[in-house]
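Below is one structure. I have some questions about it.
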Amino acid sequence: MPVTAGIDIGAGTTKAVLMDEQAAVLARVSVRTGPFLEKAATSAFEKALRQASLNSDDIEYVATTGYGRYSYPPRDIQITEITCHARGARLLFPGTRCVLDIGAQSSRAMRVDEEGRVLKFRMNDRCAAGAGRFLERIAKALEMDLRQLVAASLESKNPQPISSICAVLAESEVINHITQGKRAEDIVMGAHLSIAERVLALLRQVGVEEEVTLTGGLSLNPGMVKALEETLGKEVNFSKESQFAGAMGAAYLGHWRLQRRGGRS
Amino acid sequence: MQQTDHLSSVRELAQDVSFSAVARWKEETGGKAIGHFPVFAPQEIIRAAGMLPVGVMGAWGLLEVDYADSRVQSFVCSVARTTLELGLTGRLKELDGMVFTDICDVARNLSGVWKRNFPEMLVEYLHLPQNVTSAASVVYLERELERFKGKLEDLSGVKVGEDSLWEGIEVYNHQRELLQRIYRIRRESPWLLPADEAYLLGRAAAQMPVEDHVSLLERSIAEIEARTVKSRDNIRVLLLGPFCEQPPLELLRIVEESGCYVVDDELLQTYRWYTSAVPTNGNPLRSLAESYIERARLSSVRYQVRRRREAIVEWLKEARAEGVLFCSAKFCEPALYDYVLYKEALEAESVPYLHLEFEEKMSAFETVRMQVETFVESILFA
Amino acid sequence: MYVAGVDAGSTTTKAVVLDENSHLVGKSLRATGANVTRASELAYEECLHASGIREREVSYVIGTGYGRYKIAFGDTQVTEISCHAKGAHFLFPKTRTLVDIGGQDTKAIKVSDKGEVLDFCMNDKCAAGTGRFLENAATVLDLELDDIGPVSLRSENPLRITNVCTVFVESEIISHLARGQVVEDILRGVHSAIGARTIALVRRVGIEPEVTFTGGVSRNVGMVRTLEERFGVPINVSDLSQYMGCLGAGLFALERAQGASPRRVKRVEAGGS
Amino acid sequence: MELKHKDAGKVVQRELMASYYGDLEDGEGPVAYLFVPGNVVEILRPFGFRTVYPEINALQCGIKRVAGENILKAEDMGYSADVCGYVKNDVGICLAGGSTPLGRIPKPDLLVCNFSGCNTFIKWFEALADLYDAPMFLLDVPYLRDEASYQQDIEYVTQQLWDLVAYCEDMTGTTFDEAKLRETLEYSRQAEDLWTQLLSRARLRPSPFDAYFEAVFFMAPINVLRGTTDCIDYYKVVIEEMEERSRAHVGPVPQEKFRVVYEGPPCWPHFRAFWELFKAWGVVGVASTYSKVGGLFETGIRHDPARPMESIAEYVINCYTNWNLKKRSELLQQYIEEFEADALIIHSVKSCRSFSVGQADFREVFSHELGIPTLMIESDLADPRYFSQAQLKNRVDAFFESLEHQRIVRGS
């Protein structure tokens, strides 16, 4: 039975997934990307093979995605993370019609059809203010780590809005809030809400529909989920596997290509 | 592929931000040179006055902008900024004049900035009628062209005769016909001619006498038609938006690398303004004025009596395009307004489209690549 | 008689104490961190300590910097623009053009022969091209802030860095590293990128020698060199450049103390005024 | 001291605007949309049109703090963050079915695009024509670029005005009543005289009013109600109020410390806060260009019943933003001299390239060539997101701090 690999080489982390023909995930791993993309991809791939007790000959097709998708020469194909996250989200939640993918440096909104094909998408192109890196900076300004940040966000009762469009200037705003005696949890939630606003602006441009699935690293952050749900006024799908959506989508599309080999050239 | 030497010399000429070809021309002929901002310029009249029309459309991202940044706010498009930078750094000192037309508020005010900063130049702002239904418009434009001609005559001290106007109209008609042939190749066999090469061939017109450009095109067309290149499984797209500020060459390249064939576009509007030949009878300025009203291409900077959405759908059909890449220059208001109107039309017709923003000096090509690839994938993996 | 100036900057808080002859008695510097009021209090205390004088010996205190309204113990506040001009004029009386690059903003100031502000410009709404930009570059390259300037000067083949966004520059640097570019060339590119932005700002007020460079970034020799190349003139920098704001504030304080009313006896409680 | 006419200008303005919006909501008659600069309302009134000025709606939405919402609606539809906030505000109103805090704005039966001084106007009405499926008449107004083209431009506009008359006759089935036009023009002329008189009172020391922050309210009737007797009466009231203020030596700030000229539109969404930045320093605006966007009447431009179409054409062409930069800069210089201003404040707004591009050159001219202290600050006239109070305050404070300091040093 053929197995494919999907490797999502992201700006922050690299994820690898092995998948069989029934779209069952045989292995999933994540490693820090660091400056050397090929190395990160190789290491994620090898770990995945070990996890599934397979060796590289068992893999029929390797699809890469993510910001470093061109940096892994042994690949069979590279596919963008937008296409992959859309498919991956559909694998995780079959009812998905909208996908929000929030990673370290970028956030994207897509509208998809019942097969997970991208109908429309938008991404933040200007500032890093709408993605994970922004939260990391806020955490730093508050002298917290990510875990504390997430925990704090869930405590907030009176979120403090952050209006600055710039991730850096937002830091001074945060400091301002602190000086005015605002509570850390309220500031943190304010930051989550400001990302949510930005991401939802992208989502509204592609059109909001049932169901909305969150993928990418920020799906691991319950504070982000809460902020999105509040801003959107409805529930958002997410799971522990959401951050692997890109790699899953890539592996899935690998099978799709395998079946059609010799079709469109 | 036969990316021949002549292409690299074309590239060198087209990308020369010190305009040395203009200096050479002036030295050889003793004539004067008139620069013009993108989208439209009455080149026929400039040529008839014995002068060289020079397209000034920014600087290919080759300049470190520092003077102009202190003169234009951050929310202004690059072409205005880098064109001003060219001027403020003395790179346009060979120009004896500069022409702007009423394409947008930025270009209009830039003409005033130009007047103040380059008092030694003839700076002209031409009002091109936006009202294309009034009987008064053609008459008005003819007077406006006449006024412009007078200014050139004052500059050169020589009267411009009808004959030389006719001659100008004819040679520019010929140039446009050849450019149309280039575009026909793009439509019919885009694999023969990469988009960036086609663009360079057109852009070369900015810095050479039209006769030379005509012979460049003639030579190139013959060479291109003899090529044997395998076609690729790309999707056919219309590239809308860059009618004024020109996108980086790399963007054109990435669009094709990512799986598109650009089968028609709005690039180099200045050289493609008229959709058919300017008639060569009657009065030359009247003929130009009438053509401006009656033979103008669809453009964001000219009021459209027919709704834009209808016009765009028709264009798509004509070009047999499967999708639209709407590439607007960052901060370019006319393009950004039209985007919404086009978008509605494309959605109504279920035509896939993608909106991208570019800047002359951009670094986010990765983002562009990803978006175009996704766009292509959404059609290919369907 | 003593006076003090406290500069609550976005990144660092600085304080100086001067005597009645404008001599520097003591100085201090600390990270501003999350609490501006607290940072300025601490900086002031440290400065008094370093000066070896007691608080009640100080007749007048002026606060400056973006947190100037948060300095509860000050007698009044003056913007950092006026203060930098004042300070620069004091150290380099021929200063006509002043460039101040701090943690989050850049200012260009045109100064009269008396040290007055004739004209000024600041960067807008975006932290691109400021000290923070250099800090990020240092972090990504795993270098100390003190080293980036000297390292950049070793470059023989500077790269062009196109992105001046403080956040996105990280990924640009990472991709240069991944392509095997050397650190000094990247850093030099980073410095040039800031240099280009800075000079555009300075042109708005006009470049007239002498040029003085103040703010924390003036401690970076790479940046000094870059600006000198761009401006085509030598640039004044002093060990006190980062203190220029509070020095100016101190000088204003001295004027107030000597000219106008003496310090109010009643202490202003923190928080109220 | 109790002032009898205290706030009369403000109160009556509010009443007039309320009744204007009331009429839009419940009144009868076809509706035409127009732009403020160079509007040709005098031609439309005789045909019974009720006129809507989308810019005024945008301005009011800004003040009433709903511009932000409207803008977001338009951005969701695909409008870029980088285009004019006025346009987006108006598109937002349209998407909300015309409902605004001012009342319901009726749909247009005709869009008259008099695009003096702003090409964005064309794009704006093109969008409305699409959204409302309404016909558009484009009045092409050449930019005042060159003395040599002036006559040809006047003739061109005049011809189009007759085209418009024919268009309206066709559309409404009413024949054009020239006598009525003359009457309307006479009312316009009288109001213009009074408005000019009013503004010239800022020459007094102290100035009885702020010719920027207050004048932008006083200007509403001249922009919206020109050609009516209400408009004339309004300016009589305001002049009375100002006479009284002068007698009582009352001005907009307790003590007039700095007299300045303002260039550029105000920041509507944060109007109070924006004004406060200056009030705190005892700054009084003695002249402003924005209050003249509806017409440069102090230069002698007048609607004239004796020359109906020509005078309209002259008015249309001579709008502030339709003037070339050189003329604009000379006008600013004239203001500074006539009104004895200490400084020039340039407010550069992102939305409006028509105003903003070239302002940095003004800055050069005034501060470097003419030696007039000039402050340039940035925010927006429509989009609340582009207002950074702390940054603006820093700049304004530093500017007046140094002016004050120089005064002390120079002993003046």
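General observations
Going in written order, the chains are labelled A, B, C and D, and every chain counts its residues from 1.
To be clear about the criterion, a contact is a pair of C-beta atoms (placed from the backbone, for glycine too) under 8 Å apart; a residue touches a chain by one contact, two chains touch by 3 or more.
Please read all numbers here as calculations on a predicted model, not as lab measurements.
Shared contact partners of subunit A and subunit C, listed by label: B, D. Centroid distances from subunit A, each centroid being the mean of CA atoms, peak for D.
Top-ranked chain pair, ordered by C-beta pairs in contact, is B-D.
Centroid to centroid, with C-alpha atoms defining each point, subunit A and subunit D lie 48 Å apart. Once the centre of each chain is set as its mean CA position, subunit B and subunit D turn out to be 35 Å apart.
For this pair, subunit A with subunit B, the centres built from the Cα atoms lie 40 Å apart. Residue positions 70, 364 of subunit B are each in touch with at least two other chains.
Under the contact definition stated at the top, the residues of subunit D that touch 2 or more other chains are 78, 360, 378. Within subunit A, residues 67, 165 each touch two or more of the remaining chains.
The touch graph of the protein chains shown is complete. For subunit D in complex with subunit B, the touching residues are 77-80, 82-84, 87, 115, 118-120, 122-124, 126-127, 129-130, 138-140, 142-143, 145-146, 148-149, 152-153, 156, 159-160, 163, 324-326, 348, 350, 352-354, 356-361, 364-365, 378. Interface residues of subunit A, counted against subunit D in their complex, comprise 163, 165, 201, 204-205. Partner subunit A is touched in their complex by these residues of subunit B: 233, 357, 364, 366-367, 370-371, 373-374, 377-378, 380-382. Those residues of subunit D that touch subunit C in the shared complex are 360, 363, 367-368, 373-374, 376, 378, 386, 388, 390-391, 394-395, 397-399, 401-402, 405-406, 409.
Those residues of subunit B that touch subunit D in the complex are listed here as 70-73, 75-76, 80, 102-106, 108-113, 115-117, 124-125, 127, 129-131, 133-137, 140, 143-144, 147, 301, 303-304, 307-309, 328, 330-331, 333-334, 336-341, 343-344, 355.
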